[in-house]
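What follows are several structures.
Shared between the two complexes below is chain A, which pairs with chain B and chain C, respectively.
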Partner chain A sequence: MIKRKKAQLKIQQMAFMLMAVTLFFVMVGMFILVFKFSGLKESATLIEEKNAMLLVTKLANSPEFSCGEAFGSNRINCIDSDKVMMLKGKIAKYSEFWGVAEIKIRKIYPNNENIICTPGNYGNCGIIEVLSKDVNKLPPASNFVSLCKKESYNDEFYDKCELARFMVSSEDKR
Partner chain B sequence: MIKKRGYLQISFAWLFAIIVGVFILFLAIYASTKLMKTEQTTLDAKTGKEIGILLNPLETSFETAKTTFFTMPVETKIYNKCDDYGNFGKQIIQISQKSFNKWTETDVDVSFPNKYIFSERETEGKKFYIFSKPFDFPFKVADLIYITSSKKEYCFVNPSDDIEEEIDYLNQKNLLLENKLKEEGNDCPGGSIKVCFGSGDCDIKVYENYVEKNGDKINFEGDSLMYAAIFSDKDVYDCQLKRLMQRTKHLALLYEEKAKFISRTGCHSNLNLQLLSSSDDFGLMASIVNDIKEKNEDANCKLW
Partner chain C sequence: MKNKIGQEEMVGFALIMIMVAVILLIFLSFSLKSSGKEIVESYEVESFIESLLQYTSDCEDNLEYLSIQKLIFDCNDDKICLDERNTCDVLNLTLKDIIKESWNVEGDTPIKGYEFKIIIEGEEMLLIKEGNITKSYKEAMQDFSRRGEDYELFFKTFY
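Then we have the complex of A and B:
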């Protein structure tokens, strides 16, 4: 009787030990998984950031933004302000096109502070907010550009170019 | 005799330990195999995304073609998939890499709505050449990207002077010119893909506005689409062309609105972009593109 009880106790001990070992490995596995997946989010954000940095030059020269030959010969980093204002009105179609969370153009000189451009105040504004998604954003990558538009004086049109900063932010996925 | 029987007996404790031990080992092996597969899939997806991002600097050209290359640490297959659904469609890249002499299986799609890659459905190698060229129709629509493996050489026979000059200028190692090879006393290397301009005994034949390849006839307009037809499979080409026409349509709408907007300054372009903004039929659009391009170039107030 005592021998049987001793054997049962041993089996119980072993069962508990094995359970503990299994649980230990499961916990270690879960820890590794959590660690790996947090790293994955980190690297996704890093890739997005890298994308925004490389995209900022590409975007300024993409057909939806660039001046082309509308203001003389082809120039790099020249943004057609008139075209961008029209793009602003159609931005819903382009919301996923560039894979970024925010695109802004801020005039540097002349400085019109933080007045957001609309068709109504087009000549006297400081920021063209092209795209702004309602998500967490990383600090913007930016590039200096010339922002050109058609203006009129005494019934004649002329080209007006100003210095601006083209800013692109990607989504913070962390 | 009794002793011997006892010797063979396995106690319940041992049996229990063996069964549970085997179960734990099986679980551990299963988990680590799964983890390895996930890790490989992550790596494939990351590589695909990074390749796409690396292409960004190539997409800022105006007139000239640009070339570069990238080398992968292991043998890699790049699957070029295209989806024309939605406003602009999507460029999809899938990556499969050789691991322990086996190709990794992946179904992770990395998509880019703003890229147009022309290549075969499956490009295999370690070193890949990429070159890009702007596509104007009649305004700039996009930079087309052509991906080829260093394993495949293309030998151009009797190209026009412009194309010969461009390929010579590109200096891409897997794009060869027969004329240049002959000057050095060589011929197109065996195993290379011969691209003839006009008729001839070649794998790919380029005519005035179409390319004949694997029994298919691929229509093109302009040099950038000609390269696209040479380097890509027909279904990839057709899908990307449809996507390009979708973008052309949206850009035409944008230019139409810009024309109205700047007319307040007295800048009148007088261009009729209605056909471009209402259709995405390549043949129909191609027939009016040159006319619109000339009108814009001659206009006092250029739209693009």
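Then we have the complex of A and C:
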């Protein structure tokens, strides 16, 4: 009789233990699932950022921005600022072309502070805002570029290249 | 006696739970850390040197305003600008200003320091150094040649 009781108690103990262990692993599993699904949004944002980073280099060398052969031989990471100013004027046609939320070119040297470039002050400004959509934006991915234009001096034209940062932001979909 | 055995089992179970929780926390902290973005990307340093070489300086020769690349050639040939400034002085000053504006190391910035070097035929022609040297850095090199002479530019940024 005592032995039976002891065995029953042991079985009960084991059953409780099994339940507790199962419950524990279910909780752990749920925690991992929640963590993985929250990571999905993070990785989507990360992919967006990486795409923007790759796009920066690709865009800087695309026909819409690059210097081509306007400043002598074919240059890498060279942006034709005369071309960009023209593009800025017709940006409505291109707003969905690159799939990004913002494209900006910020002069680094010589530094012209935060003066936004317009056809009126072109030459003495610091930022060319090519495209800026009214959406939430991720921090920009940027790259150094040479910003070149034709400048006139004593009725003669020469090539003037400055140092700038080409900045691209994607839309923040969070 | 039975009570004691029950207590021991409970303590054992609690210990297992604590161990699993600690392992989970370690796993969590590692996976959160690995998703970060680098402070400086390699392509940034590479494109910096490429763009720097194309910069038009205010030193003029008989034909044009000289780019940094041409200024390096002229400095090596001991030439002077039209306004009689020494090309090496102009090169040194312009490079210092450009690097300072591009890679700010003053104050609480993620960039701790930088080193810029021009080597011609294995000999150091110019060295610009600022800030602190740390273990994390990104480096880029650009080489070109003229009249059989090899020019090498090195730029290292510490963060």
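A few comments on the model shown:
Definition applied: the second predicted complex is superposed on the first by the 130 of 174 C-alpha atoms of A that agree within 3 Å, B and C clash if a C-alpha of one lies under 4 Å from a C-alpha of the other, contacts with A are read in each partner's own complex, and residues count from 1 in each chain.
Please note the rule applied: a contact is a pair of C-beta atoms (placed from the backbone, for glycine too) under 8 Å apart; a residue touches a chain by one contact, two chains touch by 3 or more.
Since the structure is predicted, the reported quantities are computational estimates derived from the model, not experimental observations.
In the superposition on chain A, no contact is made by A:Val135 with either chain B or chain C. Contacts of A:Thr57 after superposition: both chain B and chain C are touched.
In the superposed model, A:Ile76 lies in contact with both chain B and chain C. In the superposed pair of complexes, A:Met27 makes contact with neither chain B nor chain C. Of the two partner chains, chain C is the only one that A:Ile108 touches; chain B does not reach it. When the shared chain is aligned, chain C comes close enough to touch A:Val145, but chain B does not. Of the two partner chains, neither chain B nor chain C is touched by A:Ile116. A count of residues in chain A touched by chain B and by chain C gives the higher number to B. Residues common to the contacts of chain A with chain B and with chain C across the two structures: 43, 57, 76. Across the complex, chain A meets chain B through its residues 7, 10-11, 14-15, 18, 21-22, 25, 29, 32-33, 36, 40, 43, 47, 50-51, 54-55, 57-58, 61-64, 66, 68-70, 74, 76, 80, 82-83, 85-87, 89-90, 93-94, 96-99, 119, 150-152, 155-157. Contact residues of chain A toward chain C in the complex are 9, 13, 17, 20, 24, 28, 31, 35, 39, 42-43, 46, 49, 53, 57, 75-78, 108-109, 111, 142-146, 148, 158-164. Interface residues of chain C facing chain A in the complex, by the touch rule stated above, are 2, 6, 9, 13, 17, 20, 24, 28, 31, 35, 37, 41, 43-44, 47-48, 50-52, 54-56, 64-65, 67, 97-98, 101-102.
Within the complex formed with chain A, the residues of chain B that make contact are 11-13, 16-17, 20-21, 24, 27-28, 31, 35, 38-39, 42, 46, 49-50, 53-54, 56-57, 59-60, 62-63, 87-88, 112-114, 139-142, 247, 250-251, 253-255, 257-258, 261-262, 264-267, 301-304.
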